[in-house]
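Two complexes follow with subunit A in common, the first pairing it with subunit B and the second with subunit C.
Then we have the complex of A and B:
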């Protein structure tokens, strides 16, 4: 049956989770003015590759990329799927580690990191064992519960905005492309959409409806950068590790019993991140399951979780996390470019064979 | 010696309510036997006497008797019919057949009553009772259609019970129906006493926090379920319909809501959803805000909460656990106790919870408010089983939030969502967002 809504929701939720924490600082750091230029470049790349990916997938109705690659031989499997797998594992490690650090910094100063990392892994473990359909159903339920919050907070976040910070609009300096911080910003751009190729045949969706998801994700990209920029100005915003979080902290709503109502916003984003980790675990587990069909997916997920947890424990500090971001960018770009392109290419190839 | 009747006598054993008598029905002399705890003998014999008027020859006599009911020759079958309350007539003590007759039964069922446990403001007040045949009749009154199909199954080896299945031909989800039919036929030797037995028979795990089978004593609810493509089971002796499968929406949506206008219905249902959320979140929120993340609150509020907790000698988590346990005990006690003592518990509980505990500074004022709100909100959920699920699930949120604060609340809610999303029974997911039939038919 058509589960486009579930797929669209999952797409939106995971991207929202990825965007609001690290992306703003990366973009703000990458250039001095005209931040919309790097943002739109990122968005364009994102949309282009998602569409390419979807186009490629449309040549193989009802199949996921694992079966597509394996039908073309082992070489493709190793060339494309192995990096994807490694990317997933490294992304999971980085996300769990980074987000638990974020949580201690902005919110839970007294909770030990290992406990937070355990939480960020335990719930995804529990969910990913239940299978892909459960993951997507959770997405729907969670979006019903938490998205209204998000919408509300995004609206009130304009409270302290000063439009004059928009200027100067144009910037002739395109050096941001080579900056590490801009490259890091692709974490939010490239990480979330690969699941579209994994969910079939269990969950089928219409390609056109993914475009709806763009409509929600694109404003998120823009707002996440421009709300802190317009609140603090570039010079101040640049000094923060989490500019968006701080911008939300400036909101004062006298009619709510909470002083930091925005905390709920941030924490619901954390649940979206859990959803993202779940997806990553599940994707990694079915890749392994494809190679070793005799092992139950439950055991694979559990083993992966333990590996990721140990790896997270081994990372001592934030600098190391930044380092990992850097190392991970090679894999990130490889996956971002090769997977959609190769799927599209293979699609054309198989189409020619038919005729 | 080894006559049919002797065999039956042996298999039934030494039961003093086994009636075995030779009876003269006017000119016709017969042997009657049956269980007199199930048969009202006097009127039955009177009814039979009207039949035996004439002088019969032996052959005619046999013929006449056999016309009274069905001829049975198998001892096992006869035994189960006896247990079912049938009267057996044999022409002589060593005849090789008996005739099973429907006697005047002893009244063992209560009349169709008002609903007792599930209240409704607008809607029919008729409820199901313990007799499944009556229940089916009630259902037929509610859904008048030639498409209704009723199937009876005799289940159990030691304890024979009748299980009835009702569905609406053409609307029912075919997969669901086939699975249920297959499971019932395969496991028909299972003894059924409770809903747990029924779920085991259907291959549904009994280790589930949320109900896998929706129970209702309201025929209107059951009727609507039929029209939504579900199947209904009636187990003899259980005064409610078992609706398969149970879905998330059953927690909030009541059929009788549709007797209200649309805006009222929507707001009523949203109220129930909000109630569930409050019941789940409030205890956790209290612990999170008091113990882990007080900075989330406004300063004035945080101070007043801290003030109300002044002198409370243990952490917020212990405080709330103690009070919650007391509260659960009160709720359970008020169900158990006879109606005449019930109010005492309510009063004692009210005084202890509301006044004494606070004045003795064992718990804070705010906690009492939180607990009251939780309990009230919890009760807005539809159905007793769902109420219990929510009551249990709130502890998950509570434990998470005592460790992780506000994050724990959201993580707990997420965890519950994940749990619910993973539940599916008979191939239908618990979080089935499309209520009507057709799930799975789009390929």
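Then we have the complex of A and C:
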């Protein structure tokens, strides 16, 4: 059965969750003017590698990347799948820790971190034990419930926009490419699309339909940076850790019964992020399951959750989260570049063998 | 089967964490001040909290004060001493005294933005009076609803086009922005009304540098394309009411000199006349009056190097970013400002206009 809609929705939701998080601050910090240049560069890289990845997967209909790599031997498995696994674990740790910190900074100042992190992990744990089909069906449900909110918030966020802040529009200085903050922005660009290679054969989808998802994700990349920039200007926006959240704080709507539109926005994003963590847990668990088929996936997920939870508890402050981001960037780029390229390469190789 | 029984008997317990009972304070155990006042002492601050208190048939006001080194310490102390916890979530108006504004608001404002206790949308005002008495009189005045300061600034109740409405985030933006300052309203206790507007304080990089009158504030609002509807202008021969206004800008940048041509279109309605002036006369006089006021305002602002009109915004295209940093000191004083005022008399009220 064709489940393209579920895949497209999952793609949109997880990316929205990642983009509206640290991406705006990273991009705003990376350059002084002409922010559309780093944004477009990121989008181009994103689209190029997603298309490459899909192209590579099309050589192996109905197979996921674990079976693809393992059919070429143990070396491939260790060379490509092990970093992917490590990347998933570290990404989950960072996401859980950072999001619980955001929650405390933004609206739950008194709630202990351990409780927030337990919540952020418990629901993904439960959901990922239910298996891939349940995850994707939940994605559809969540998008029905929360995407309208998000759309509403995005529309009203234009309230305090001043177009003069668009200028100066051009920038001859391309030094942002080597800046750490720009490298960190790839967290939103590289992390979300790998699931496309894991879902087959349980969930089959048409490659073309993913292009629809680009249409939703590209504006999100641009708006997440430009709404705070046009509201505050670069000089002010760069002082914020979460510029987009502050930009939402400035919205004054007297006819809405809730004072802060930010809460709607954040709660939607948190459900998206829970879905993302669910996907990550599930992907990591099937990688382990493939290597140790005798262990039940349920136990693997539970063990992974406990490892992630303990790791999160060991991170004491925001400074350390930033450090993790830095260390994680090596894995991030390795995964971003090597997985799509290697799948594509192996695809061509296998094609030659057949004929 | 056994597994399912265990599962379903455990599931109901999940309902307990849902209540969030470990750190939640019920609404009846919180006090939520609507406005707070901050004044500078020789060392540290003094804070006034205006708390609405439900009395039998009206809403009363209670004023709580505290002194200390930092705002958070004071709020914390008040919280300790009160029977319920102070929650600043619903603070809508922040009143600071003039001395604090002169010394600089940056620390105060960035504290609000940093902790997010106080909404970034709160309106900020300056008290040009003894702030102790200002708040005391709020408590004493009979029949005063607890929301007087809030109502004064709300667009749907007390706000008027000669009040500069500025919010915390705008003040924060002005202290970082290269090309934008902000005006905030200045209040004092009135004779017969509770409040009286003094004018607006011009805040440059978080510091009070100049005071403009409330007539000039109207021009400030018109410049920012805010509605000035309802404002009444009195001339020698007539008084008119502004019905609508809009503003167009044309910028030029030659030889490092910015020049701005602004066209203001006011639609007015005649309310009263003195003698029998012609429409042409009224129009001409009103245009002259507004033109003179605009010129005076800009001269005043240029000397204080505070760009509350956000004129620098229009030159972001021409001035490179590294020079834009010095907009206030290098370019702004040389600004050529050419206001053009168009007044259109939309109607003459209920009487036919018979003048020649």
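In the analysis below, the second predicted complex is superposed on the first by the 355 of 355 C-alpha atoms of A that agree within 3 Å, B and C clash if a C-alpha of one lies under 4 Å from a C-alpha of the other, contacts with A are read in each partner's own complex, and residues count from 1 in each chain.
In the analysis below, a contact is a pair of C-beta atoms (placed from the backbone, for glycine too) under 8 Å apart; a residue touches a chain by one contact, two chains touch by 3 or more.
Since the structure is predicted, the reported quantities are computational estimates derived from the model, not experimental observations.
S.K.: Check the residue A:250 against both partner chains and state whether it touches subunit B (first), subunit C (second), both, or neither.
M.R.: second
S.K.: For A:295 in the superposed arrangement: first (subunit B), second (subunit C), both or neither?
M.R.: neither
S.K.: With the two structures laid over each other on chain A, which partner does A:271 touch: subunit B (first), subunit C (second), both, or neither?
M.R.: first
S.K.: Using the touch definition from the top, say if A:165 reaches subunit B (first), subunit C (second), both or neither.
M.R.: second
S.K.: Once the shared chain is lined up, is A:323 touching subunit B (first), subunit C (second), both, or neither of them?
M.R.: Neither partner.
S.K.: Under the stated touch criterion, which partner chain does A:130 make contact with: subunit B (first), subunit C (second), both, or neither?
M.R.: first
S.K.: Is A:33 contacted by the first partner subunit B, the second partner subunit C, both or neither?
M.R.: second
S.K.: Going by the contact rule set out at the top, does A:105 touch subunit B (first), subunit C (second), both, or neither?
M.R.: Once the two structures are laid over each other on A, A:105 reaches subunit C alone.
S.K.: Who does A:232 touch here: subunit B (first), subunit C (second), both, or neither?
M.R.: Touch partner of A:232: subunit C, not subunit B.
S.K.: Do subunit B and subunit C touch any of the same residues on subunit A, and if so, which?
M.R.: 107, 111, 115, 119, 259-260
S.K.: Considering the complex alone, what residue numbers of subunit C touch subunit A?
M.R.: 17, 20, 22-23, 90, 113, 116-117, 119-121, 154-156, 167, 169, 172-173, 176-180, 310, 313-314, 316-317, 320-321
S.K.: Mind listing the subunit A positions that touch subunit C in their complex?
M.R.: 32-33, 105-107, 109-112, 115, 119, 162, 164-169, 232-233, 235-236, 239, 246, 249-252, 254, 259-260
S.K.: For subunit A, which residues count as touching subunit B in their complex?
M.R.: For this pair, the touching residues of subunit A are 1-2, 103, 107-108, 111, 115-116, 119, 123, 126-127, 130-131, 133-138, 140-142, 145-146, 204, 257-261, 263-264, 267-268, 270-271, 274-275, 278.
S.K.: Over in the complex, which subunit B residues touch subunit A? Could you list them?
M.R.: 277, 292-293, 295-299, 301-302, 400, 403-411, 413-415, 417-422, 429, 431, 433, 439-443
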